[in-house]
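One structure follows; several queries about it will come next.
Residue numbering begins at 1 within each chain, and the chains themselves are lettered A, B, C and D in the order written.
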Amino acid sequence: MSATLYDVAYWISSHLLGALGGLPASSLPGAWGVGATALAWLITAAVVFAASLVNILVLIWWERKLLGRFMDRRGAMHVGFAGLLQNLADGLKLFRKQVFSPREADPLGYYLAPTAYLITSIVLLGFLPVSAGFVAGAVPLSLLLALAIFSFAPLFIFVGSWSSNNKYSLIGGMRTAAQMVAYEIPLLLSVVSVVILSGSFDLGTIVQDQARDGWYGAPLILGLIVFSVAILAEIERIPFDLPEAEAELVEGWNTEYGGILFAMTMMTDYIRSLVGSYLVVLLFLGGWTLPTWGGLGILSSFPLSGILWFQVKTYIVFGVFVWVRAALPRVRTDQLLQIGWRRMLPLSLLNIAIAAGWVLAGWPHLTWPSV
Amino acid sequence: MRPKDVVPEMQRTFPDSVLEASDRQGILARVRIEPRAILPICRWLRDVAGFCHCSLVAGIDWVETREVLYHLWSDEMKVYLELFAILPSDDPHIDSVGEVWRGALWHERETWDLVGIRFDHHPDLRRLFMPEGYQYHPLLKSLELHEPEELEVKARHV
Amino acid sequence: MSEMWINMGPQHPMTHGLWNLRVKIDGEVIVDADPEMGFLHRGIEKICEYRLYNEVVTLMDRCCYVAGMSWEHLYMMAAEQALGVEVPERAEYLRVMSAELQRLGSHLMWFAAFVQDLGLMTPFLYGMRDRDLVLDLFQAYTGARMTYEYMRVGGVRNDVPVGFTDRARRVMDWLDQKIGEYEDLCDKSDIFVARTQNIGVLSASDCVNLGVTGPMLRAAGLPRDLRRDRPYSVYPELDFLIPTHEGADVYGRYRVRMEEMRQSIRIVRQTLDYLDRHPGRVLAERVPRFVGAPAPVPGKETYVLRRGYPKGRGFAAIEEPHGEATAYVVNEGAENPYRVKFRSPVMVNISAAKSYLVGYRVSDIPAIMGSVDICVGESDR
Amino acid sequence: MASSPETTSPALPPGVKKTAPAPPPSGLHGIVAIPMITAAKQFTRSLWRPSTIVYPYERLEDPSFRGRVAVASGRPIGVGEVWDNYRGVHALNITTCISCNLCAFSCPDTCIEMVSVPTEGGKTKRCPQIDYGKCSFCGFCSDACPEGCLTMTTNYTLTTSRRPEMVYSPQRMYSIYHSKLPMNPIRLERPENEDCILLDQDLCIGCNACARDCPTQCITMIDIPKPEPAPGQKLPKRIWKEPSVNDADCVRCGTCISVCPKECLYWGARP
């Protein structure tokens, strides 16, 4: 049950190549082995990419439908069942548009930025476990790696905004940099509390610990809030969508992007939203596990139930993000930084202290010290 | 100051510059003034008579002459006062009242733009609505409405 | 970062119309501002000189596309004064009801646009939804949703249909309840208050000197409202309050407009009561023939005009949803007005932009300019 | 110091209401519960049926749709009989049109042109043709129509991809008339003391042009006595007839004024 998606892909490709060359699949020689590895990588990447694309289509549909009901309207409803394919249609429309760049733009940075932004975000999905044993590539310390890659984005955003040679883009890029730096620290510090309780940097282990000891969202409710707020800022959603504040900055840092480039940045925003929701679920809400009290165990007993419940939880968390978007206005630059540095940072430190206190109290088998 | 005292007081203070005053429905009075004396009269009206708000500056083209109108509002008396001056049509110009009421600056720009009355000492007498380089003043009676014409519109921002 | 000019407009999400706000920014701080108008100039004052008195109404609806009724009311009052026409009382009540419904519609539209500038999409749709009910009311008795063409020299086009007052009362009840919901979404939200408080401050003395009127002036604490200070139409017989605020900031303008909506609902209810009780004519009996059809036959103007209609000048000032609007109509005895001049409150409010923008941040520009309530159709005419 | 919104400060003049000042910052920027609950309330209300109407499938002016629609925000006011007031595409009843030109005269946008249409009996008649590329749907024409034959219907779907299709001929508006759409029932109240057609008797030459062209045939030429010329004075060369207007039938279209070769007819107050 610990085979990763890559292992499966390697098994398939090695057997395929072995059958082609009449060689034993278990020990492919030389170039055959390299080919099998490359084929396995391709299969893995294709599966992850396809899964993330499908997920994003559904995610955007979910946001549109939810926002619609919050706003007393209907949302997309014509293409496909209940408008499910509307996003596909929108994406196809964007893909068919002419690709152009401003005359004064720096082509290298202009084209590189959205591409790298997209790639680094999709890589994230490659090692986030979606259920027990279901992971594209098993990486030890996957939590650290996820957070490290997650924080690549401001660099590319800034490169893109600078290369666009547009004042709105530039201001948006500057804001992104300031915002991400300000919220990176509370994000990491609130993750530290989880690591303190779990003692592991591996996401799979953290989820298994939560299944055993109870979800960390309960003891670390403060950490959950801080982490969610920081993730909201990291994925640039209202109320922290300052880099894209469309009222003053037109379209923020991607003002000059159109067609497929805009589709890529848009897609990446939602991939990051998806990853953010995944992380919230994985770290604080028990991942793919459900409580097994009473008869509740039956809910997670059927095949692939882990993936189902993981997705359901993720979509609920994203629904809360949408709810926040429906109810709150955008904050101002200085207020954003003030919230980040003066509220979130002390709260996350306090959260670490709470986590340490739980450990001192003997988490998970609480033995209150008798004074 | 009571509303009925404004015009007599004005005539007493500026005997040479207040040419005529007549009653108008809905307006305290309609006062014709000498164009040269616009600034002292406006200062007096603001500081002594309490007309704190310049509601409107407008121009009317009477073909031979042009009329420039000022509508002033007093918060204490709660009345409008209409000042007007008759300017010659060949070179209509009058002092800007922008230093008395800063709110009049854009009205004067508009009047210059549309009726072609030049306001001296205006800090920023650009056209307001029509593009820079437009050679007509549209509200003049000499400009017929259905006249097809080629406009050479210079770019506003280069 | 060194200082740089940014053109916010003419196509920009913040502008709500075609105009250009040039701001000079130093980092995120505004150091200079230079608004530019004229992108929507249609020469309405010039076209008026070529139209019959009644036909100008079609231009008034397009003058300010969110407050057409107010502008019709304004122009008609000036034209009636210039022509010497008396208006029946029921028509006056219908006009006041229309103007106050329009104030509701305009303020709802403003609210929708304003919160959308702050990044809050939900009340935007609530505002538009509830404005639609006001537009439904307009449609019920004028036949159009935005370009009403309802008022005529000497009264209004038609009376309200049967059952209108009950429907209107239900809409007023609904709006009264919904305004509370808007306040729940905005006033009770710390982020909203933090976004709007203490920005765009323009003190009362500056407002007066700069000619700024309307909710901006009342939010600075000076309760000047022409409906009370220079009563026109039947406003003296109606009971309402003038809301003011002391903050002189964006939040104050928001509060003043919200309260004005409540007062407008009060006024509309009073006019509806009157309309129920007092049937009567809605168009004056003595109206000069030439305010309507037919137009003079080319070459025969002299004979059409042989009566020697009286000359006159008309002046009217109303409290439009955006501020003090005045109209000046010069009647030289022809069937077209000789000169029509309008004072647009929005133009003056925008002209003061530098005074309330400098020193604040780029993020504040949508909030501040949104609180000015800009309608470019009106300011450019 | 905190003044509730209901109190009126004594320093303020009467009739002025001071609105509540901004609440002080609560210190915690995270207090966002009330707006979120408000949004959630609306969410639950609009779960079953949001306030929007699925436009191409549900139309407010559709009679079969009326009475069914009830949305979260209550029933839209436009639903019901008041929709009939809507000013949409014109309907023209050619048979009752009297070719008086009033619609074309009253159009502020000059989008109405009088064109000839054949009628029964091989004759032609001048009826209005409307260019919807120019029309602003102000309704002045239907207000001016004395016979009520040019009315406005609730139809507003004018979309076309070719400009000539925007011009509606009288026959096309006649077919709209036959489609029995709800008609705008509003009629403009006419002033009671409308001006009537007056005659400058000194200028009239009795040419019969006005009586010939009057669309309502309310002008009759009556004989007037031929005066005895004074000695040395020559009588004007004219037909000794003079138009007499039946004021009750006159629709005040001004056709007689426009056809008069001598400019002797004019608008004036009723004597």
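By our rule, a residue touches a chain if its C-beta (ideal position, glycine included) is under 8 Å from a C-beta of that chain, and two chains touch if they have at least 3 such contacts.
In this text, all values refer to a predicted model and were calculated from it rather than measured experimentally.
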Of all other chains, the one whose Cα centre sits farthest from chain D: A
Selected pair, greater C-beta contact count between A-D and B-C: B-C
Euclidean distance of C-alpha centroids - chain C vs chain D, Å: 24
Separation of chain A from chain D, taking each centre as the mean of its C-alpha atoms, in whole Å: 60
Inter-chain centre distance, chain A versus chain B - centres from mean C-alpha coordinates, in Å: 63
Junction residues of chain A - those touching two or more other chains: 70-73, 326-328, 331, 335
Multi-partner residues of chain D (each touching 2 or more other chains): 28-30, 32, 35, 38-39, 42, 51, 73
Shared interface positions of chain C, touching two or more other chains: 122, 126, 129, 185, 189, 191-192, 194
Set of all touching chain pairs, with the criterion as stated earlier: A-C, A-D, B-C, C-D
Contact footprint of chain C on chain A as seen in their complex: 67, 70-73, 167-168, 171, 174, 238-239, 241-242, 245-250, 325-335
Residue numbers on chain C that touch chain D, as the complex places them: 51-52, 54-55, 57-58, 122, 126, 129-130, 132-133, 136-137, 139-144, 147, 149, 152, 154-155, 157-158, 161, 163-164, 167, 170-171, 174, 181, 184-194, 196-197, 223, 228, 240-247, 249, 251-252, 255-256, 258-259, 263, 281-290, 292-295, 297, 300, 302-304, 306-307
Touch list for chain B against partner chain C, complex: 24-27, 52-56, 58, 60-61, 69, 71, 73, 75, 78-80, 82, 101-107, 110, 114, 127-131, 138-139, 143, 145, 156-157
Sites on chain D touched by chain C in the complex: 5, 8, 12-13, 15-23, 25-26, 28-32, 34-35, 37-39, 42, 51, 73-74, 76-78, 81-83, 85-87, 101-102, 105-106, 108-109, 136-140, 143-144, 152, 184, 186-189, 191-195, 252-254, 257-258, 263-269
Touching residues (chain side chain C, partner chain B) in the complex: 7, 36-38, 41, 43, 45-47, 49-50, 81, 208-213, 222, 224, 229-230, 313, 315-317, 324, 326, 328, 330, 338-339, 341, 343, 347-348, 351-352, 380-381
